[in-house]
């Protein structure tokens, strides 16, 4: 890694955000109809490399089911409103109606109701009944507490997601979750993160995870930079974690751990760039929160926004652009990268001559800081 | 090329936009009256190195004729409104009157009417009758379909223009256009693009093209970056393609293929910088759309804005600044680089001591990111 | 140091502001409850590495006392309103009520009243009576004049603070303060600055100071860049001075001089970054001026704003966010880095796996210019 | 010079504007009262290194006289309103009253009246009668035409100023001014420019000029970048020309040609930075146009704004801040770098430990792109 000297006692690596880069066409082009966007992880196959971010603004049981039917993977936040309330309709309305200056306080209040195990079971059952792949997310702090009920409910895939999840969590207060043991005992594949560096990701891969989320907890709605001073320029983070995938595949004798970009993905262009840096799939929050079915009703927020003493995210306005199917597959009548994101991916791959997502990770990239 | 490490598994080249650079005067200055801006390609001679972008906002048969009389090269979009409608006056008015949020939908509707071969013939005939150089543009997708009627109509020059055009288009759906064979069979010189890299351009040059368009499909009105993640910093793209021109001249034993910058050219200063990076000529959209005769009536859009399922451009307001002749040759009474662009080029060349456009490609350049 | 060529006769070092960097999580995480934020300097122990900037907008005797009770170090500006007026209530109200265009003139007028030695004694006595650590600040210009009364008043710690304070002040007009002699004779530890470079700080360390302030005189409210052309990118300045601390420890056989970041610290994220660059503690103005008890009533200004002929700072609006205790220790109901700054520091250290402030100086850092 | 690759066929140098850099204090500080800002060129001594830009917005005969009395050098534009009109009061009022969109046209009209030789004589006589140093400026295009009357009028110093002035102007239309012969024949010292590079400046120095203006024709009011694509980042330009001064001193056996920054100097901080890059003096337009006596009445424009066919500058609003004496010497009651610019220079030099302007050219500089 090229290092930069901040001052005489400190060096840093140079990081790039998706906005700092762009992909560049090369000498070959391809018919968009010949392009495949399919993605498979473990035994599961998807028509698009799209996982929903477990955010209440984007995912209800209903939208998780619809995304599944459209060929992506819906993920319900199992510590969200749907497992705290029998019917969160009123709470969602309150959040949508809150003034900007009150929004965080409203979120804190609404999310102070405890998570109920039986609601976890009910929600996952609802999704399972629809016949799509069932996935739910817990934070690492509460995974031990709720893992049993989640598994009993019959998930196909398990997501452990926090701002930063490490393979080595140290605590003198309570026995921390031993990720490696936990994953080993599970029957279902686990996707875990966020991680933002080569080393952190490599250690997560060694726990047996099927996929690693690359990020630091939310994109547009995140405030970890102002609050915690933490920020991971996403293009660099994805490319670093992709290197860990390669090296881990070597050290493990061939195990391929999926790299899933999670954060900074507001447009189809961002999604394209994430793959160009090595992502196998993308976890989308903002993009899906723009669907007319999204529970957020034009607003987006992540789990980090509801912390009772140190919120590290905000409710942000993303608007309602089109039904979910149209957001994913078009047609679009705007040119802002919010609708027909799969059409955009297909077009981008075709324009640069690639025919599948894995190959497209090799596309040429240029650095240019533009506004 | 200097490479930058995005992350451990990805490298990128560093790219510069016209805004990132400026030209710097050197030790000699020259009388502006001694400067020549003439340009010739194949057998055609022009008083200015200016080709119109085939965009309906800028080019009608009438403005193509006027540009030709003023010493530039008009190019009609043969898949635009003038070949879809007998009289597109009403459609142009609708586009100009549309609200911002409806503009893309209006474009999509208006452009859904099929192109009519007989209108291609009529429009080109109209231009030919005026005695100027006749040029029309098709997309690579429809070149095979309409090439015959275009040639029959008697064009002097043929433009094949898309966001990205490659010498090697792969399709399992239909027999793609074989550029090399196609150009070989034609009697008229072909200008083809966009291409944004050395390699892509070199391959286009090998097809026998007389000129290569450098770009990625539009400038101010383009949204390929947000939608597709594609962006080509233009200063770098032009300088790379100019290197391909040099190397191809060597490998071909002296064939000189013209490098035509196409995109990011909103002001006379941008045009000057394009030439400073190696362009032989510039293809102007925004600049010509500001003429009072321009069909766009103060609005500009490109062909990429009308796509029915994935528009990658927008209608943007550029204003109406002056009659076409004044836009090109002045006098100007504003200092924003929109009027008297040839006077500006001449002054720029004089200030830096150069007397013709080809020489001016060698002018000194400085990098400075200013706002 | 990596040098950059400005032009053929001038080289410069490359500097980074806190906004240019971010910290990045690594492979280990930690329980926030296991993290210690304690800090000790000389014989004094604090629960948080926070020193108040001696600015009238943030520090009155009352807020200095409260900060002390909450575990930080309050510092009163001994050339501020509290030592010029028996009761500055009316003056503070005037400043708060002034229109933007009049604010500097109001400050100049209000601060033209002379400092009164007996008020220095009274204010420090007030703080001492409350049982917290007593600290007051003087400018280097007036340290000789007032040092005796300050010491007689019984301070625990002495702060000498100016835009730029050097160990070698040259004057033909008056005998300058000999810092080394002065500090040698004092019984109490001295914190002195600002210094912004390795060399300047090293010389200050050699005077016997217990701590060095890193900065150039104020952050958000400063205008030294526009007025004087002086600016010290803070991340680089802190990392450079931290190198001086290390080298001075070696040359002095083990004396550890504390590095205290002073400037550019508007959010908890900035504070975190200062420590990541090597700061032992932070001097906060803006952050504390946001407390509801702050005398500034939502406004912040520093001593550099009141200069009668060349003001180099402004009154800026920072708002009133929460009571002081909540600003420091939460809970927060906004995600902008203004409230619960110690919770944010603790969380940041936990997320990156560190358990004390000194260790946290080694955290990984990334460069990325984001907005 | 470090070169950057724009693309495979083009390299560029990296340039820095004043905004990209700042000066940094070092280990010594000094009493501002011990600092000298005096400057001498040829036989002339000035209390401040300040030359007025020959712009009608800033300089009338009256303000030139006042600036001279205050210790700077006033320069009248001898092709400006004062030599076109017996009394330009009405024209100045018209310019000040024009709407933004009409301003350039008003300037063009007002300046279309021919320059009258007898008015040149009268204006310069007026200044001479006041007993201050007399200086007037002509463009290189008209120097031959008016030089005789100027000299006959008895100037002390002669300024030849254009956007770009070279030692080798080539013209097939008319015999160009031979600068070397012209300067050789003159009795008075000549200041000539702008030049923006080492080579251009070196050649100007060889003509026998006493001083070289560094710039490209105006600062805030300039539009050469948008119109001509020309821009010279000023910090780099000044440092390059300072290197030419050093090398020319060597080659000439000791002739010291003064380097005068001309452009990008809107605040006292900019002036400080210009000197830090090697300037001996600064030519100020915007700063002086803010004086209450300035003829521009709060507006500023340069000679490049009045060109009849290709204006390359604009009328910009700079406001009226204070009487000229206060703009120069204070006191100031704002912190924006517009008033008390000599106090700011003195303070800046003192803060960094320098006692005269020539020494201050060696001050340390840091690169940081801040907003």
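Per-chain numbering from 1; labels A, B, C and D assigned in written order.
Basically, a contact is a pair of C-beta atoms (placed from the backbone, for glycine too) under 8 Å apart; a residue touches a chain by one contact, two chains touch by 3 or more.
These numbers were taken from a predicted model, which means no experiment stands behind them.
S.K.: Hop across touching chains from chain B and tell me the fewest hops that reach chain C.
M.R.: 2
S.K.: Under the document's definition of touching, what chains do chain C and chain D have as common neighbours?
M.R.: Intersection of chain C and chain D contact lists gives nothing.
S.K.: After a C-alpha superposition of chain A on chain B, what does the rotation angle come to, in degrees rounded to the nearest 5?
M.R.: Value: 90 degrees, nearest 5.
S.K.: What's the chain with its C-alpha centre farthest out from chain D?
M.R.: Max centre-to-centre separation from chain D belongs to A.
S.K.: When chain A meets its copy chain C, do both sides use mostly the same residue numbers (more than half shared) or mostly different ones?
M.R.: different
S.K.: What's the distance between the Cα centroids of chain B and chain D, rounded to whole Å?
M.R.: Chain centres of chain B and chain D, defined by C-alpha means, are spaced 40 Å apart.
S.K.: Could you please state the distance in Å, as a whole number, between where the Cα atoms of chain A are centred and where those of chain D are centred?
M.R.: Roughly 56 Å, centre to centre.
S.K.: Of all the residues in chain D, which ones touch at least 2 other chains?
M.R.: Within chain D, the residues that touch at least two other chains are 14, 16, 236, 369.
S.K.: For each chain, which other chains does it touch, given as pairs?
M.R.: A-B, A-C, B-D, C-D
S.K.: So in the complex, the part of chain C that touches chain A is made up of which residues?
M.R.: By the definition above, chain C touches chain A via 1-2, 14, 16, 21-31, 33-34, 198, 235-244, 246, 267-273, 276-278, 330-337, 340, 343-344, 347-348, 351-353, 364-370.
S.K.: Under the touch definition given earlier, write down the residues of chain C that touch chain D in their complex.
M.R.: Against chain D, chain C makes touches at 4-17, 20, 104-105, 108, 163-174, 176, 195-197, 199-200, 202-203, 216, 223, 225-233, 236, 305, 308-314, 369.
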